[in-house]
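So the structure is just underneath, and the comments pick up after that.
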Amino acid sequence: MQSLSHEDIRRAVRAALAEDIGSGDVTTLATVPATSPAVAIMRAREPLVVAGLALAEAAFRLRSRAVRIKRLARDGQQVAAGARLLEISGAARAILGAERVALNFVQRLCGVATLTARFVDAIKGTRAQILDTRKTTPGWRHFEKYAVVCGGGRNHRIGLYDMVLIKDNHLAALRDAKPNPIAAGVQRARAKYLQLKVEVEADTQEQVEQAAAAGADIILLDNMSPAQLREAVKLVAGRAKTEASGGVNLKTVRAIAQTGVDFISVGALTHSARAVDIGLDFET
Amino acid sequence: MQSLSHEDIRRAVRAALAEDIGSGDVTTLATVPATSPAVAIMRAREPLVVAGLALAEAAFRLRSRAVRIKRLARDGQQVAAGARLLEISGAARAILGAERVALNFVQRLCGVATLTARFVDAIKGTRAQILDTRKTTPGWRHFEKYAVVCGGGRNHRIGLYDMVLIKDNHLAALRDAKPNPIAAGVQRARAKYLQLKVEVEADTQEQVEQAAAAGADIILLDNMSPAQLREAVKLVAGRAKTEASGGVNLKTVRAIAQTGVDFISVGALTHSARAVDIGLDFET
Amino acid sequence: MQSLSHEDIRRAVRAALAEDIGSGDVTTLATVPATSPAVAIMRAREPLVVAGLALAEAAFRLRSRAVRIKRLARDGQQVAAGARLLEISGAARAILGAERVALNFVQRLCGVATLTARFVDAIKGTRAQILDTRKTTPGWRHFEKYAVVCGGGRNHRIGLYDMVLIKDNHLAALRDAKPNPIAAGVQRARAKYLQLKVEVEADTQEQVEQAAAAGADIILLDNMSPAQLREAVKLVAGRAKTEASGGVNLKTVRAIAQTGVDFISVGALTHSARAVDIGLDFET
Amino acid sequence: MQSLSHEDIRRAVRAALAEDIGSGDVTTLATVPATSPAVAIMRAREPLVVAGLALAEAAFRLRSRAVRIKRLARDGQQVAAGARLLEISGAARAILGAERVALNFVQRLCGVATLTARFVDAIKGTRAQILDTRKTTPGWRHFEKYAVVCGGGRNHRIGLYDMVLIKDNHLAALRDAKPNPIAAGVQRARAKYLQLKVEVEADTQEQVEQAAAAGADIILLDNMSPAQLREAVKLVAGRAKTEASGGVNLKTVRAIAQTGVDFISVGALTHSARAVDIGLDFET
Amino acid sequence: MQSLSHEDIRRAVRAALAEDIGSGDVTTLATVPATSPAVAIMRAREPLVVAGLALAEAAFRLRSRAVRIKRLARDGQQVAAGARLLEISGAARAILGAERVALNFVQRLCGVATLTARFVDAIKGTRAQILDTRKTTPGWRHFEKYAVVCGGGRNHRIGLYDMVLIKDNHLAALRDAKPNPIAAGVQRARAKYLQLKVEVEADTQEQVEQAAAAGADIILLDNMSPAQLREAVKLVAGRAKTEASGGVNLKTVRAIAQTGVDFISVGALTHSARAVDIGLDFET
Amino acid sequence: MQSLSHEDIRRAVRAALAEDIGSGDVTTLATVPATSPAVAIMRAREPLVVAGLALAEAAFRLRSRAVRIKRLARDGQQVAAGARLLEISGAARAILGAERVALNFVQRLCGVATLTARFVDAIKGTRAQILDTRKTTPGWRHFEKYAVVCGGGRNHRIGLYDMVLIKDNHLAALRDAKPNPIAAGVQRARAKYLQLKVEVEADTQEQVEQAAAAGADIILLDNMSPAQLREAVKLVAGRAKTEASGGVNLKTVRAIAQTGVDFISVGALTHSARAVDIGLDFET
């Protein structure tokens, strides 16, 4: 499992605590003495794939340096309903003030990992790999891409900066370039960025051929039927990697994987995963 | 419709652009001339309730001050599939570089508004109101609460700072207080915060009575069946507002509303709304 | 005593040190060796109520993590001239560089607490409570409100966000609303903010009656004489809390408190408290 | 009149608005329509010296770019009770939301300027000049030093970085240096900082002589009686500037000025000025 | 010419102005009236390649929005001694306060561009291209890489994030991996990052062969003599791009280029370019 | 040796790491296990004067708190080629990720110190001192001025705020002031800034005389030949310090020093020092 940046975690969690607590956790200040201790268990309330425990941990720690935390599960692990994820002990005020923020992070990230795992399971035995997209929650790109990996998926490019991906709108700007817009686009990208792979979106078999001929590293096969995908894979014949995109869901994904594509990218992993149910129980 | 803070919008959108663009939108820099103009239309691809167009607008403007934008719909409006939401004209580079960020914001916020509207519709004719919760995406509290209002819902407290809400974990700390923990909690909150309402969570009819007797402004009826809710409403008899919470979904919400509660809070509005389908089409 | 946010303290103190030290404490760098140790005592030079020692402590700690500090008094304590408040030992350079900032914070906050205590003493035996206002030093809201509590006062709302307070200028905007502007204002606030109390400013007994009838939680009795206050309290007859405001000073406050109002708000607590005399003495 | 930094103003005012408004000006949002216009006059309610109108202006502008502002007085001007300082016209919501912040800045800064002017008046006809100190409100150093200038005073060093000022605690560290601690301190400062003046604090005439002999640029005569000051001035005999400090108030300042010192520094200008009375009246 | 990020420029220039101006440009405040106008010409005092005029422009604009600026040269242009680069007209105070910062940026960036151009000229007619490295001034990565492009060079990877470059220290960690460390490294990088090119550092012909066989996109030929480089290029035989690195200076670069390598990376472009002479002359 | 601000170091190094590492050190993540340990030695590869080891240290520490570092040299020390400067042991990933940033800082700062030492050596035996200027790398002012001191030089003013330096452009604004612009400038500066020294730039002997007569603390002798410098020093006759500036290089500096000037300021120390060769070797 790769690791998240400690600084990214702290920045995001600190901002989330400020957003929730604002000028003070009034209920706790009024009802819970500063010295009351507490022990709480974070627990899965449904089966899920774990992701992002470090963010929950940071939420409690940023409220009180004296909190003690035991990790009872690890990111990437598949757990059953009832599984214990974290044990937190320390000042009751600190735990109560961070509870919602910790859960808000973990429920969403476990949701992404869990949904990813379902897609990965669905194509088991094929050679395809599940990819995420840039359809992430603004501010959460790194966390959600990490959760995808926790769920067994792979990351596509992280942002606009670490890969060239020439889409129809870029081709429109290259309309009159010779010998064809795709060849021109690939050539210009190569001339400018020696460090990056170049992917080209293709809507037709003609574009697939142009992209392969132009030396694209990956060809994005957009909104093609399984039959079209199969034809495209055959046409490419190993000259480039192929990525299927569009119309992918848990019902269609296996058929898509069986066309022989290398990658299947799924926006829903990050834009439509629901939060899974995780709770924090105080021990008495 | 209330308005979002201009500063909050700019801060969030600027961070989102930085996250996506990083050291540069390499594809656009390589393929689209700096001077190429473009016109793009943001369009609903399914029926939805609009929310958050100002964030999309900010994404384009922050990439180029010279972009011109026409609002073709307004937040809170219910639109059909195909409806035009925004028209953006300006430098193609600026529009392409902000496209994904703009959509990432708007698809999620319209998703929240659209889901809220479904809950609001489901209880039409009852006296209950749909509330959101603090189960929001960290960093998005204000935007998601705004989207709830766009969808016809009402906001519960914004954070831990603008209402006292005494839950079971707080009552545990007050265990031995006289005459009972609920009365003690309400009294301490009143003594400390003259400006805030006090809500008390009740799991049993006995607690409902204690909360009402203690002068709570609102009583949170947690995980009660419609029959229990009806009994609680009767018991309270107007001494406080009542809020139903737990186990609320589109199938159960109407029965809950018909029990006579004042409010129904629904975590799913913000923690499990899926992104709705919205696209950006370039005109040729 | 409630606690200040550790993060707020560090942010404010760090900024204050940067403001004072800028590109370097030139005198100390030129005259005091890096390794010279020192012990210094922070001492009250007049009778005062202590507030804000944590800010002084942070000033020294932020200059050197190795500084050792003993608290010799606690916030909220009334001390005599000569009382020792803090003992600081560590690098002489660190102590000298933070001295002025530490004192600038503590002298002002003890000044607020001390003045508050004088008002609180002045109304001893009545049922009224002394409140602060929003007339605080920009940037110091939380610190000054905390100092008011140290002095025995209570906090009014923290900012514009945690209470509705309808004043004459708001009523002007509601001029034509039915049945009357006050009723309309209260109703609109209730419809929008379920979590907040609603206070209404009243300049006349007629407005007092309207506010009470509209169900205001608190009625602000603005610039009324003791006789008028007494009449207003009688008119309200327990339907709402009452707050006297305007023309309050140490000479008038007791008479105001004796009118039966619940609260007396005093802008001077924070806008016109003078700094009390506190010094830092180096031991030899 | 020198000018404040536009960036400093915006940073301070933006922070002050965030502190006051937090998650929203709930009263205004509930009662004042977004489109209601208003005109308001900022007015002196007692005689005062104007300082800091730019901060008030920034408060309104940062709430709404569309606000129009007329300056009706200028910083440094002495005005009578009732004088109009600013006219603000624009959205009522923007004006109401910024009102308190604008007044909180201006009342304090005019307070500093007004108190300074009283000291300056008190020594009219002597050759002495009134100086401020570093006893400023943390975060307000530049604003308060500017207000001192508005009131006719002069600024001492801005912070620890722009002058060497050797005090008793520094001399303690130089205890054994030859030929005497003062000479050693001045020499070390000269060797390190070619760009800065060197001032030395003297408690006795012997120290005054040592400082003058060591070539100090300014000698700080600390807590001396007028007789001692006169003797010190005579002893220095023009070899350095002299500054009186300690025990300075409106009753003693003239006698001190008449001793022939060049400067009189007064901590009270910034640490104990009360806010002057300024109001914002809405025109109907 | 590609463009720099407007936000990056403003952030860097704002920080540079704060660093230089601190609490105020005392000389200008004391001697130049606020209303004095001035016109100044930025002029090359030696032949150079222009780079970074936008940073100079930002320096003046951030001091005064009212400054008017004419660009008299464009980035990437080779100019003679005496050439006029910018004309700035506006408040004398603003121009004087920004002068040094503007020159500090432009002199360094033109220095990088000018040195790059000398290397590019030195290999004219060969097929090699001059690359920069990550040996840039911390905080200046984007600016210096931009200046390299202005001088006719190409950029290597921008940072550690946009290309895999396996060096000896990475190979040490892969020591026991099969079939060989280089193959293992390339395979692991491919499995993790579909979007990035993979470069491998080779010190020997054996490593060159392993890298080519492993499918590296680029092979870094480290510290090889021209003879060794020629042999390596022949061995690679078009299977990968080749990059020469180490021992490159203006005397050796042409011989290196003639070996047939694709790229020559030169750390000196950014770590040892001297500032070129550019002045600002005020017109009278 | 004076010390750098811990906060300045952390801010600069943190920014530099973010700039280089961005979304991740992909090579290390792909090839080096999270648990691999490493030991690395930072070593001088040419003779140099050490400066800025604290910045290198911070780079490693900010990547991993668990890194252990031994300082094997101290700032200001002259070391031979091959000298060991730092030993770093800890996680290989942390060391590899910080390597380039650490070297980028240290190579440049040692470069400044080493060049300074050459100038200082060149004037050994004269009474002149080598000064830096404000021609520093934006963002690096404090670090480069510190490196100058490490090399045996002295600092001129730190920025525009800590000294008055009246140059020709300021005199232009004072053109008609009586009795002459220089006298007027000095007088105005004295009237405004009691804490700062005043330096005046003089291009002619007439201006030298005016500056000395006006009581300038230092006179900047701009672009004068040794003969003119000697004449100027004689003319000043101890009334002020003298500083030679312009046309200073390692060939001319000794002759300039022998004219009797107090200071020689050298822009090249900071604007044109090349990075010295320092490497990081991993132990096996």
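We just call them A, B, C, D, E and F in the order they show up, numbering each chain from 1.
FYI, a residue touches a chain if its C-beta (ideal position, glycine included) is under 8 Å from a C-beta of that chain, and two chains touch if they have at least 3 such contacts.
Just so it is clear, the model here is predicted, and its values are computed rather than measured.
Student: If contact pairs are compared by residue number, which of E-F, A-E or A-B agrees with D-F in over half of them?
Tutor: Overlap exceeds half of the contact pairs only for A-E.
Student: Regarding the chain A and chain F pair, does the interface count as same (over half of residue numbers shared) or different (under half shared)?
Tutor: Different; most numbers are used by only one of chain A and chain F.
Student: Roughly how far is chain D from chain E, centre to centre by C-alpha average, rounded to an integer in Å?
Tutor: Whole-Å distance between the two chain centres: 46.
Student: What is the distance in Å between the mean C-alpha positions of chain C and chain D?
Tutor: So the centre of chain C lies 23 Å away from the centre of chain D.
Student: In whole angstrom, how far does the Cα centroid of chain C sit from the Cα centroid of chain E?
Tutor: 54
Student: At least two other chains touched by the same residue of chain F: list those residues.
Tutor: Chain F, residues with two or more chain partners: 2, 22-24, 29, 158-159, 161-163, 192, 196.
Student: Name the graph shape formed by the protein chains and their touching pairs; answer line, ring, star, complete or other.
Tutor: If you draw each chain as a dot and join those that touch, every dot ends up joined to every other.
Student: Tell me, which parts of chain B touch chain C in their complex?
Tutor: Where chain B meets chain C, its residues are 2, 131, 154, 156-158, 161-163, 192, 194-197, 199, 218, 241, 263.
Student: Chain D touches which residues of chain B in the complex?
Tutor: 2-3, 5, 7, 142, 158-159, 161-162
Student: Quick one: in the complex, what on chain C touches chain E?
Tutor: Against chain E, chain C makes touches at 22-23.
Student: In their complex, what parts of chain C are in touch with chain D?
Tutor: Within the complex, chain C touches chain D at residues 12-13, 15-16, 19-33, 36, 38, 92, 96-97, 100-101, 103-105, 107-108, 134-141, 158-167, 169-174, 185, 188-189, 191-193, 196, 268, 271-272, 274-275, 282, 284.
Student: Under the touch definition given earlier, write down the residues of chain D that touch chain B in their complex.
Tutor: Touching chain B: residues 14, 18, 22-24, 29, 34 of chain D.
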